[in-house]
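Before anything else, here is the set of structures, which you'll find just below.
Look for subunit A in each of the two complexes below; its partner is subunit B in the first and subunit C in the second.
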Partner chain A sequence: MKFRIAKMLLRLLAAPQSQATSSAPPSSPDDRATLERTLHELNDCMDLVHRKFPSNGMDVVYFAYLVGNDDLYRDIIQPFSNATVQEAAARLACLPYTEVQNSNVCIDGILEGMAAIFLKGKAYLIRIDEAEGRSIAQSETETVISGPHDGFVENLEQNLSVLRRRIKSSHLKTIELPVGEISKTNVVLAYLEGIANPDFVEALKERIKSVEIDSVMDANMFVQLIDENPNSVFPQFLTTERPDAVASKILGGRIAGFVDGSPSVFCSPTSFFDFFSSPDDYYQRWLLGTSLRILRLVGFLITICFTAFYVSITTFHYEMIPHTMLLNLTESRSRVPFPPLIEALLMETTIELLREAGARLPTKIGQTIGIVGGIVIGQAAVQAGFTSNILIIAVATSAIASFVIPSYIMSASLRLIRFGLIILAGVLGNLGLLMGIGFVIIHLAGITNLGTSYLTPLAPFNAGDVLDTFVRGPFWALRKRPSIVKSSNRTRNKMRR
Partner chain B sequence: MAKANEKLNRIHIALLIYMIELDVTVFALPRLVAKNIGTNGWVGLLALTCVACFNIWLFQIVYRMGKGQSFFQIVEAVVPKWCAYPFYLVLTVFWIAIGSFIGKDFILIFQTLTFQSSSSMMIFSLYCLMVYVLLVKDIYSILKAVTLFFLMTASVNLLAPFFFQDWKLIRFTTSLFQGTEGGHTLHGWTEVYTVFVGYELCLFLFPYVDKKSKLFQGMYTGQLLIGLVQQLAVWVSFGFFSFPELKVLAYPVIHTLEYIEFPFINRVENLVFPFFLFSNLVSTVLFAFAGLSCLKQMFPQARPKLLELFIVIAIFGLGYIPKLLREAEALVFHSFFVEIGVAFVLPLLLMVLLQIGKLRKKGVKA
Partner chain C sequence: MKAAACWLLMLVCLAGCTDQRVLEKMGFIRTISFDVAGQDNANMLKVTISIPKSSQNESIVYTTVAHSSKQARAVFDRQNDRRLVNGQIRQILFGEALAKQGIWKHLDATMRDPSVGIHAHVVVAEGDTEKMLSRKYPQGGTAGEYIDNLLRAESATRDIPHANLHTFIRDYYDDGIEPVATILKETPSSLLIDGVALFKKDKYVARVPAADKMYFGLLRDSVDTGELNMDDIRMGKESLPVSLSYIHSRRKIRFSSVKGLTAGTPLKVTIHLRIRGSLLEFYGGEALDNAANQKKLEAGMSRYVEEKCNALIALMQQNKTDSIGIGQHVRNAMKYASWRQLEWDDTFSKADITVRADVKIKDIGKLTRS
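Right after this comes the complex of A and B.
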């Protein structure tokens, strides 16, 4: 039932566009939509159905696996089976049937799941597609403890209906842009008119239009085609599978991008620190939310620095270790045959292997791999003198800290950077570690998203945004939309304490 | 697209001034003050901060007289190119050399502390690589990086309360400006003034600011900020070490850091000192940026990133000149002495050029 409502909603949304298309005259007589041309263009497709109606001479063409049987019966078979030519023509002149004149429009419609009807030299399209896919379920990559548990799915229409139900505003605008010369994937930009910056909407539209590629499979793939620093290791568009997060971003003045066939939705403009906030922060008391955010930032520092710091200290700066710890560390390191740099790189690689194996295997086997890797190999490696137990603690803590970061893509990027920092720390100690951090900062400073700084609100500094970046301020204090969105309507909350 | 709308604002300019001025000279600042100004030298340092502010005011006059014109526009409106270009070239070489000496001096200090057996040029090559990756970015990106570097470097100041227990006000003594080595000389006071070198590079920010940027508010704020930190360094050292001890310690600031111990970490200076890498890096990059601006004026058609590469190669090459720490220090101080002269002469020269330009215009009108 819900799905039906969504489809009706989309049909209404799609109708004016179709009418507009149909009103466009064909560029030349050769482009006219005819049955012969359509069948010729779509020949050798075993799933193409060409159905004839002898009572009125009507022809219907559609793809068997794209249309819904109920809709097919209701909108085509039942009304036209016994209709005369005049009756059929009269019905086709009304909605939801749309006359098309251009052959390409007709073929694209069939490919999208519509049925093409040919009668007396005229062509009509009707949407009878049935979206098959999983029903709305919880996102497995972004779980929350409290708050809504629904997640986006692969169906674009379903995702848009979920969003429309969350933001019941006539200002919520959607723009459809086809991408992929062969796949013709629909990308829909959703934003709030009057709140989102129109320049950003235009810029994003232009960038999407400039994409020239055969196909787009996923939002995470698509954003790599439109970001401003394609060679950067860092993700520049926040992608999420959570409808509440997307609704919140749109209400905050950002633009959300839905890609058909992908459960991920991208949001822009995005800053580096957006990847460290989770919807969970807002569903808990502000002090708890703040402590979680700080914990994640500490996790970020541990992820990139802890193992590198161990390597630096054990290679160059033994004097930094207090006497009480020095004996344990020396005893632990004494049996290890490798220098700390090699030891750390080996263990980090092992952890990454375990993580990758756990991600690729079914859940139950994945857990087993975790136990085998974490306990058996870890303990055995120490006992065999392959590594020191303090390094095991450092590597494990770094790995755990990386999973505290809500965005999996950001977490993976940081884990990759960690290897560079370990190598620099192994070569130049603390100076090398800080040089590595310096390189990362310089790189981050050069990244922009829709022309806005990736380091907002630190650089350029904005004290107001800090309240909703490094801490989760109480709601009465979160009065303004973030400065990064450059909205003309910045006031979000007029409540007093 | 929006990048073109970006303008520098006063906070970023203030942080930039702070970071440019916080270079290798700050490690020796308390010794320089004790040696050249004497007891309670912080008062003298305060007076020198006012002199630096006066110098900034001279640049402000240039900005107002020139109505925001760039350094090159002011010069080339009066001086023919064949005459101006050699002048630019000399400044370029000089600024690149200063940037190089600052970097090499920092690396040599670090080498003395930790990597006695490593090649300083190997470490310096990495430093140069950092200079390159920062220099090839636009000024807005450089300032964004500077903001984060500032946050990291400024956090070192939070260590000041650790000295409180052994800090004695009595060590300041009741006498003023006594106990200097060789009395009060212009040379001695100028030696202390070297810690302020760097603000004059604001001349090359003129094209990137407008009225909203409040360039000079930012510069004065930055100067006061760095002045406060320098006072903090001097106050901590003067209350922590005895006056005669201060005069013989090479780097009192680093020596104070050696004193700090945590239950989980000893010898904190090994961790804290590398944080100064960022402030020295910013100093080198901004001197290189000044040189780059001159080179771009002379070679406007140069391929992107080629001039930057040339500058960084030059910085690396000049790094071979000082082989020992004392040589690097001497070069830094000599070049800073010249730079102080440049900082005062340049705005006066530009004022004269602006005046000549004005008179010429009047002549043409008449």
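Right after this comes the complex of A and C.
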């Protein structure tokens, strides 16, 4: 109920603004852009600057901290300070000055970092904003050994320029869609015309337009607003901070979405297995790339099952343990006062605490946490009879295996699933473990992204795609774009071997 | 969401409500042995179990005399501080006397437990099983570990046919083949593999002596590795011992038409053995790098293998037990209905079985006479 009221309120709030941004109809006299109206709308903003030019009676309004001083001097102060009224009017008639009629457009322009010029009852806008932000640096969450070391930053224009430099094609189209009723964050969809499926572009556009929220802070947050299974634990849009990855996704026929203020870029349509590939796979020889892919899939299995399997065999299936290991394990377990399920949950929680503490703390203190955690968990816990040493191995291995997965968001999801499987294994043994895995697979098969199946190319099966999913085939074998993008232009590589 | 939370809560609360077998609360039986109880209580069974301690070098041995293995188990459970479980059984020992009476009901009781794996060896013990299990051996470890390693090492070289619970039961139920087991004998300082026990259904009827077990292996199946020790091979005039290493053999069974078998026509079977091996031990006087000499030696070895195998087949025919599975081949060549009518044991015992061995020397080692 509350939710519905909030939604209605939002819609009411949204109504006039969306009208303003969508079109500039011949304005009625009462919302013409005038100096008085603008100053009234923006009163009580201490960073607003109102500058008068006595020589020609011109008024200029802008936000001090949004504009660049060089641009301000070049485009406003220098040309107009000594100009007469006729000279000023002649200059304003040319580009880059644009005349605006509507007051809301004028105010939005000022909020975006333009300067508004008022002369003889007419209003003009000129873009003199300055990009603030850090310079391009390597992404800290997705690193590669070899390959390009640049990463996206928070600034949208800078990100788009990085992309344009990589794909110098007139077919690279970009659509701007504002999202967030108050924050007015720009979301830009980039795709290759003639390669990306136009139905997907339309669908994504529609879905982004239907978002009604006050603000959007990050791409990882934004994709949760537009995905098809909002209650699933799995991320459904691949997000990456690497320009080379995004460029290759676009060239593969996918659509990339840039969110202003976020270094992450989302790609669609995404399948589950996209989260297990890294650009590194392509920069290495294909046999190495293939073994890395397989290693990651093994890591996936280990991270969700290993501890659960330990719980299951120590609680129910003692006959599965090799005899020589059995006696050691029994001796180690006999000092532990808890049943295996509680023991495993305790240790997994401890590891998660360590990981979370490491993520929240500055790097320098994070190292201390690592050492303390290593000693406390590695040695003291076993010596104190708190856990068995085999469990330490299982927990540590599954934690390490979870970090093998290139996407941090996916690896966090998998770690959560692990807890469910551990509980099932502790209650029903291997039967429970397999039931749990079955549930996960059923759930995965049910997820869609822009209507495409999450488990492509496994279901629906596509032999050609398997070459670039579970393995990384040699480039001469990767001739087609992935089937998931449903592209009309599927050939990407015509080279004969 | 609420439903999911309910499920989760239920799962957490239910943990521990099922038939748990938490590791440290279990006593793992590694070896179990069955024997007749002796003269005064003829119907009783002597059951011994050995449970390794977690220190690995010691084990707890319990023995009791009971009517059935379940009864014995109840007695052991009353003594042991941990719940006894079958899942880690590695050897099932049967005393010789008991094996002659039939072992099926004891095997059956063990096998029905789904936790028992296929790695459990079936062994016929010559000697007192209780003493065998409670003794200390200089080879180190517990008796169970010693027996396990001994059998594994031996069957790895294919000196003895694989005789674990799985193969034993398979051969027991299968038509046209009879199960076999390994014979273990106690010596003052160790245990000794003393041949292969031939069963007829579940009754121990004959034994292949240790010296002949390799020939039995050749007859029973194709062999990928092993060693053939031959005592006196005739080579020209001399008679000398030869040993063939790393042998590789293929067995082929040919037989006369199966028509009329049910009416009593005798069966003619030929077993072709194709054996290849390295000659690394040779004490003869004649040079071996001579092709003609090698031929002579090969002919002598073939004749020797044939003689040995014929003797083994005679033993099997005498006991009417087809331990090498000729019956399987015959069965596959005829309709099942006529196979059912056939008295295979009689047919086998009366069959005319010849062995044709073809021994070839692969190489004669590094040394040559120049």
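Convention: the second predicted complex is superposed on the first by the 470 of 497 C-alpha atoms of A that agree within 3 Å, B and C clash if a C-alpha of one lies under 4 Å from a C-alpha of the other, contacts with A are read in each partner's own complex, and residues count from 1 in each chain.
Methods note: contacts are C-beta pairs under 8 Å (C-beta built on N, C-alpha and C of every residue); 3 or more make two chains touch, one makes a residue touch a chain.
Everything quoted here is computed from the prediction, not taken from an experiment.
Superposition of the two structures on subunit A leads subunit B and subunit C into a clash. Contact with subunit C, but none with subunit B, is seen for A:Thr315 once the two complexes are overlaid on the shared chain.
In the superposition on chain A, contact of A:Asp199 is made with subunit B only, not with subunit C.
When the shared chain is aligned, subunit C comes close enough to touch A:Leu341, but subunit B does not. By the document's definition of touching, neither partner reaches A:Thr491: not subunit B, not subunit C. Of the two partner chains, neither subunit B nor subunit C is touched by A:Ser210.
Judged by the number of subunit A residues each one touches, B leads among subunit B and subunit C.
In the superposed model, A:Ser453 lies in contact with subunit B only, and not with subunit C. When both complexes are overlaid on chain A, the residue A:Thr363 reaches neither subunit B nor subunit C.
Once chain A of one complex is fitted onto chain A of the other, the partner contacts of A:Arg333 are limited to subunit C, with no touch recorded for subunit B.
Using the contact criterion defined above for the overlaid structures, shared-chain residue A:Leu428 touches subunit B and also reaches subunit C. Overlaying the two complexes on chain A leaves one subunit C stretch of 132-140, 276-284, 330-338 or 348-356 clashing with subunit B, which is 330-338. 316-317, 319, 321, 428-429 are the residues of subunit A that lie in the contact sets of both subunit B and subunit C, per the superposition on chain A.
Partner subunit A is touched in their complex by these residues of subunit B: 1-5, 9, 11-12, 110, 114-115, 123, 126-127, 130, 133-134, 137, 141-145, 147-149, 151-152, 263-268, 270-271, 274-275, 277-278, 281. Only residues 314-319, 321, 323, 326-331, 333-334, 336, 339-341, 420, 423-424, 426-429 of subunit A touch subunit C when the two sit together in their complex. Note for the complex: subunit C touches subunit A at residues 8, 11-12, 14-24, 26, 28, 30, 52-56, 85, 87-88, 90, 115-117, 148. The residues of subunit A lying in touch with subunit B in their complex are 199, 203, 316-317, 319-322, 325, 428-435, 437-439, 441-446, 448, 450-453, 455, 458-461, 486.
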